[in-house]
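Take a look at this one; I'll ask things after.
Each chain carries a letter (A, B and C) given by its place in the written order, and its residues are counted from 1.
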């Protein structure tokens, strides 16, 4: 059962001089157990799309349905949608308000009336899923390191046990170790059966980790599909603000020479292919 | 929907018009004169004159009338309350009666003039902010207040604070919108429950906002320091304020208008009305 | 340009020191990338180089001026400008050109000189078209270039960049980095703190910080030939590719890590 956004359009500041169209008839699907990346330049509409998935925004035209039921604005239904689709904003640690990590993580589930033992179970589950040290539960969230704060912020959304997790630039501001841990965590979340949507301007990370990619440019869909397919398309038709990772360009050059390597592949794979190729035609001396 | 959008008041609209080019001191003094004049206005015909002035301002600033009028929007509710209060609680000649509520002739007059006065006040203040860059505005204010610095009043620091405050209004509204959306995404509910519960529900908005503002302030202070800002030290200006002939003429013209408007309101319109009544 | 000797700094008396004996010499015109995990002391070092903090032990000389001496503060800040991570934290005025003018105004320069500097800084950062615009209406990349313009208007000899590209998208980052490249060609000394190895590869020299000390110092090729493996940096895949091709002897020593260079050297 997927989230389906069907042909949605949206504009900000309608009716004022600052009116700006953010989405133009974009369609999007994410299944449970799947990792979809939405990539595009700043202002391409990718964050606006993310905010439609949990009904923070309602489309001007088109529709969003969650697991087959069309989501309509109205406080009852949109609250249900918000629990099923957890949305993690960019720099989510800036929403902290509680004095302890525990209270911060309890916030979301308790807003839906979860209490007592069930609440504790929610918190424990979120803490272990996000790889957070349980000893930190009673500490002050503001006193943690950057990477730990990001985990607490994501755990605080996971704690409401959503079926989908939508993250806006989740790796922004993290160092290399922090990014690796986060990517690992998100793969775990996906493997546990949640639908993961990652909004990012980093084509490289989208190509390496996601199952499918949607590319937006100026509010419109440019291409969508598997990383391999999307990479092929962007090499042939450059998209504003998206840089083809050098290794993908390298793989493309190898393919043009007739080597059988996928566009998205490991370094070892390419080196092996080059070795075989060189072995076969020993004509170019050193 | 954007939950919080920056108010249109306080937003500078860059331009090169006559009004944009006036000295900020001229515009600040002009706004004070206009406000004084508005407090003396009382009759509906008088407000027609003021409206004509607004049309003139629109032409001289190159800003559309609709955009200028929109700066009155934030106070519409206040205006409405003022109008209703005056309409219902002014004693005098009865015009209509609805149960215990009496609407009087005096009430209608007072309500309309109070409402219009408030609206015009805000719109003219908005006009000042729309045509004056925040930096020029605080420069102007600093110079107007400069006699106070003799009394050790920190006018230049005050002006710098104002520049920064104005600069951060749009940013803070954006941040508030983001925090609000993030907490709603975590199930925050601002609509149900009693007053106490609702008040408590704003803690998850206010705490992050305060944290953010303090962080911003700290970072900004470091950035300003690294850009050689020393509080209280003498600064120069890229565009030093220059009082020109047209500033004097604009101010004189405006003063004449206000005197004329008050004269009309006090004598001319009354005389015309009296004359019409005699016929 | 910068001469740092055994510099140490602690934010609190009891806590672990942010800097724990740093020795670093940076010459005029160098472009140095300062890398290291969060909390390794990179930002503290940048603040010491800008006289925002004074080392609790050791010394820092900037262009021969002792950064601990309050009398030198103003001269150092004019010669060494700092650009931070978040452009929103550095923009003081609502209008682009007014913000660029902020620094020179603080120096008390005459209006003509301020205008000349503002024009030059806007030209260098490719923002002339936006000079009368509201700073809030700029994109992230443009805002960061505005922060850079504000720093350049001080006409410094060195730039300190504290993760200045980390909040930008690829478009904004590219435009920002190409500005830096041009400035460096004109002789600007650049000390750039970054997490991105692709950016570090652009520099002429890489300095790794670890627990408040300099842990490695050398040119990028040496760093990427294996030096980086000791620290948990994100390794750009093209560097891993370069390394793998080198070790298998598929490309000769000295081949640059660019895609085109490697392809050419492979002679397929």
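Methods note: a residue touches a chain if its C-beta (ideal position, glycine included) is under 8 Å from a C-beta of that chain, and two chains touch if they have at least 3 such contacts.
What you are looking at is a predicted structure, and each value in this text was computed from that prediction instead of being measured.
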### Query
Considering B-C alongside A-B, which chain pair is linked by more C-beta pairs in contact?
B-C
### Task
Could you find the chain whose CA centre sits the greatest distance from that of chain C?
B
#### Entry: Centre distance in Å when chain A and chain C are each reduced to the mean of their C-alpha atoms
30
### Task
With chain centres taken as the means of their Cα atoms, state the distance from chain B to chain C in Å.
43
### Task
Would you mind writing out the residues of chain C in touch with chain A in their complex?
37-39, 139-141, 166-167, 169-172, 174, 195, 232-234, 236-238, 240-241, 244-245, 248, 250, 252, 258-259, 262-263, 266-268
### In the complex, chain A residues that touch chain B
12-13, 17, 51, 54, 56-58, 75, 79, 82-83, 86-87, 89, 92, 94-97, 107-109, 111-112, 142, 156-157, 160
### Query
Where on chain B is chain C touching in the complex?
11-12, 14, 133-135, 163-164, 166-167, 170-171, 216, 219-220, 222-230, 233-240
### Query
In their complex, what parts of chain C are in touch with chain B?
47, 50, 52, 74, 77-78, 81-82, 84, 86, 88-95, 97-98, 101-111, 114-115, 118, 132-136, 150-151, 154
### Query
Contact residues on chain A for chain C in the complex?
41-43, 145-147, 172-173, 175-180, 201-204, 240-243, 245-247, 249-250, 253-254, 257, 267-268, 270-271, 274-275, 277-278, 284, 286
